[in-house]
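Going by the order they are written in, the chains are A, B and C; count residues from 1 in each one.
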Amino acid sequence: MRTDLSVTALPLSVASATDEAASAMTSRGHDASVHPKVVPLNEASTAAAQASKEVLALEGISLSFGGVKALSDVDLSVRSGEIRAVIGPNGAGKSSLINVISGLYRPTQGRIHLCGHTFSAVPTRQLAHLGVSRTFQNIALFKGLSVFDNIAVGRVATVRSTMLEQVFGLGRARREREATKEKVEEALEHMRLSAVRDRLATSLSYGMQKRVELARALVIQPQLVLLDEPMAGMTGAEKDEMSQFIREARSRYGTTIVLIEHDIGVVMGLSDRISVFDYGRKIADGTPSQVMNDPAVIDAYLGVPHEGNE
Amino acid sequence: MTAIASESAVSSRPLIGSNMMGVIAVLAVAYLVPPLFGSEYWYNAILAPFLALGLAALGLQVLSGYAGQVSLASAAFMAIGAFTAYNLNLRVPGLPMIVSLILAGAFAAGIGLLFALPAFRLRGFYLALSTLGAQFFVEWATNNYKWLSNYSQSGVVDAPPLKALGYVASTPESKYFVALTVVAIITVLVARLVKTQTGLNFIAIRDNEVAARIIGVPVLRTKLLAFAISCFIIGIAGVLWAFTYLGTIQAGYGGFSLGRSLTVLFCIIIGGLATIRGAYLGAFFMVVFPLLLSRAGGYLLGDMFDAGVLENCQKITLGTLIILILIFEPDGLSALLDRFTKWLRGLGRKEEHAR
Amino acid sequence: MEEFKFFLEVLVAGLLSGIMYSLVALGFVLIYKTSGVFNFAQGAQLLFAALTFVSLNERGIPMWGAFAISLAIMVFVGILIERVVLRPLVAQTQMTLFMATIGLSFIIEGAAQLVWGTEVHSLDLGIDDVPMDIAGVFISRFDLVAATVAAAMVGLLTAFFRYTRMGLAFRAVAQDQLASLSVGLRLARIRAAVWAVSGLIALVAGLLWGARLGVQFSLSLVVLKALPVLVLGGFDSIAGAIVGGLIIGAAEKLAEIYIGPYLGGGIEGWFAYVAALIFLMIRPTGLFGQRFVERV
């Protein structure tokens, strides 16, 4: 019995979402050239990917744990600059999906095309180099570090200097340190965290911590950011603020966003397209208005048994 | 247990920091006060072991406090450092002290990495296994390979005085200065290290290894680096321990035992994990506490209080203290120190308001 | 043929001592599965148990009485540990808990030696260490008896886990504490019981090892060899503790005899650790350990 979706009260926000999406798209191409991104592994294939505008594609992804099939034959395609929401009842495989894309789980079948490269299993430690970052459902901040330092860790992949160079403050280490400081200050400002920059990250409220995590994910101005329930546990006002931050990330850096979210109001107002999952399969994929009127989606949320599934 | 590590944005502060005045003050006191007031007892029984143990604790702090990895082999790495310096001194006459210190640290780091590499590819706790193995292995090696201790009958060899640029450290005072200088330099370098991106990486893998990996921190390399730095420092601490404190190096079982490794560990638990001052506060405590206890015991219990009783009382008290600290004040003495200074400042402010 | 017989003798001696490792490792697995901590203090518990028994015995109390009293004391100490040390630390990291058990080991060792003295005691359980000739192979009678007792304990404990309600409760708690709570299992009581059982294991193992090595401080170090056993067998597997113990015991003895001479002898002190490390490189999850997926 899934009750986290109210299908009825949506038409207004749907209209505004599509308008929003349309205007964002025209500015997207504009902004993408202005903001430099982390240099990915292979410039040529990235250019090609950008031309085809597909930042992420999953092809026939299946994932099993022992006897449990978390994902079955999933195909997904996300275009550059898109905000894609992944929704579905609990246990539908949404987190597994994000974990596969970020390389924490190795799929039993299928391929992942990520930022111009193809993998059978995404190498987690290359994520930053590919221009991909993510946030976690249970906040994954470093509890011994301040807000500033937490975000600064996000820059690790851009740092080339050795430990000795850093300790003695030589040449390139000093330049990198200044560059990091600049970028982190920028991130703090954009996410309105400057006032708490020196506080221990985990001493902040839950909502603020989520913001810090987002800031950390965005400090490298990634091509693709994966958000695992970024608004869980937030008040309405906080959610609006978070949505705004997410939109700004897209408009400022041209970042593509894939987010898991339960609040359908948020999803409708924020996303360009929605992918709906149930029992490890993708059951619908389209614009918000298409998805909301899809009978399979309605069935999934109202708990009507599927053929051959119970 | 990590609250103290970085209560402000360390990576944005200048590398030689706001604490410049404090550092200079401490160094001034350290260099000027003991020669004026120190007796030989102070040098031999308190300052010398404090500096050597403090440096070892600092080394362990880098690995366990900042990077969150468990090591039970501190004494073994001290032994490697001491024996390396001894053998270099013996077989390569005229080798400058700096070189033999660096080589002593390098050997300790090299052998340490051999044991650590298989463990690090897995989850951190397996490091306890490999360091335990390293601890027993080194004890066995110094016992079995007599050439390490120059075939001495007793297994105990004298550590010759350290020489640097014509300066021979043979008096307690000169040994103190040598040790102090070495400790000061290394401590300053470590203080800078923890503010760099590398230092942030250490804390990141301690607090959330999975997230760190996803962000792009090279986890294996970072752990190995932390371990190597830690062993390097502990190796040098071993040289200080043998050359500026004990004056001898003991081969075999007992000289650098598991008990000594645990002593180093206790320093950072009592002093507070992930702080530099914690390493030294803890070391000071571990040096002074047995002395105080033996005085108090002798006073209270008279003849009943022999060496055996002292040792066991010490064990019980230390063990209890460790558990109490872990339960009630995980940030150890450095947290207490912080609270004390805040309270003092608070008093100062109240006075100003009162005027 | 002589060569082979000798090999067999060494192998058997190794396996027999391996069973004793298995027993100790079982104690570790128990605590690890239910309290999530590697109990560094197990060695100290062993020493304390053996010292108590021996001292009572030397003061004229007959063996069975001494055993009963020692058992009561060890069980009490175990429950005390759970209540006073572990419960306040229940939410902390593994490293914190581990360090707490180190502190604990200091307290117990210090207390044991303070109360009973620091001299070495010899422990005579009435079993002679004479070689018995079984099918042409010489086996120490003591080794055989000790191994039998250890095997019996291991068997009893395994049966306890599998077939009794309490044992089932132990396993439930080890698997999933939250779920156990939700079905009404009294977590605190079960944890206390686990520590009580570890006290029993400490006593039996302490007596066996003490009879072999003499009751002295180094007893607590021997127990640390359970760590390589656990690495081999997996920290949370009972079968692994058993098989791992046998393998480590055999490997150690064989190494000492066949490799030892080339290295100057006495390698039993560290060989188990190095062997476990090398094994880890080949098979990181141990023989039986579960490859568990970290839920992010």
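Here is the rule we go by: a contact is a pair of C-beta atoms (placed from the backbone, for glycine too) under 8 Å apart; a residue touches a chain by one contact, two chains touch by 3 or more.
What you are looking at is a predicted structure, and each value in this text was computed from that prediction instead of being measured.
K.L.:
Going by C-alpha centres, which chain is most central here?
P.N.:
B
K.L.:
Taking each chain's centre as the mean of its CA atoms, which one is most distant from chain C?
P.N.:
Relative to chain C, the chain whose C-alpha centre sits farthest away is A.
K.L.:
Mind checking the centre-to-centre distance between chain A and chain B? Centres are C-alpha means, answer in whole Å.
P.N.:
The answer is 43 Å.
K.L.:
For chain A versus chain C, what separation do you get between their C-alpha means, in angstrom?
P.N.:
That gives a centre separation of 48 Å.
K.L.:
Just curious, how far off is chain C from chain B if you go by their C-alpha centres, in Å?
P.N.:
Whole-Å distance between the two chain centres: 32.
K.L.:
Which chain B residues reach two or more other chains?
P.N.:
Only 210 qualify.
K.L.:
Would you mind listing the residues of chain C that make contact with two or more other chains?
P.N.:
Each of 294, 296 in chain C touches at least two other chains.
K.L.:
Among the residues of chain A, which ones contact at least 2 other chains?
P.N.:
104, 136
K.L.:
Tell me, which parts of chain A touch chain B in their complex?
P.N.:
It is residues 102-104, 124-125, 127-129, 133-134, 136, 140-149, 152-157, 159, 161, 163, 166-169, 173, 176-177, 180-181, 184, 197-198, 200, 216 of chain A that touch chain B.
K.L.:
What residues of chain C sit close enough to touch chain B in their complex?
P.N.:
On the chain C side, the touching residues are 38, 85, 88-89, 92-96, 98-100, 102-111, 113-114, 117-118, 221, 224, 227-228, 231, 263-267, 269-270, 273-274, 276-278, 280-281, 284, 294, 296.
K.L.:
Using the touch definition up top, name the residues of chain B that touch chain C in the complex.
P.N.:
1, 64, 68, 70, 115, 118-119, 121-122, 125-126, 128-130, 132-133, 136-137, 139-140, 143-145, 210, 258, 262, 265, 269, 308-309, 311-316, 318-323, 326-327, 330
K.L.:
Hey, which residues of chain B end up touching chain A in the complex?
P.N.:
Residues 2-3, 5-12, 15, 189, 192-193, 196-198, 200-201, 203-204, 206-208, 210-219, 225, 229, 274 of chain B touch chain A in their complex.
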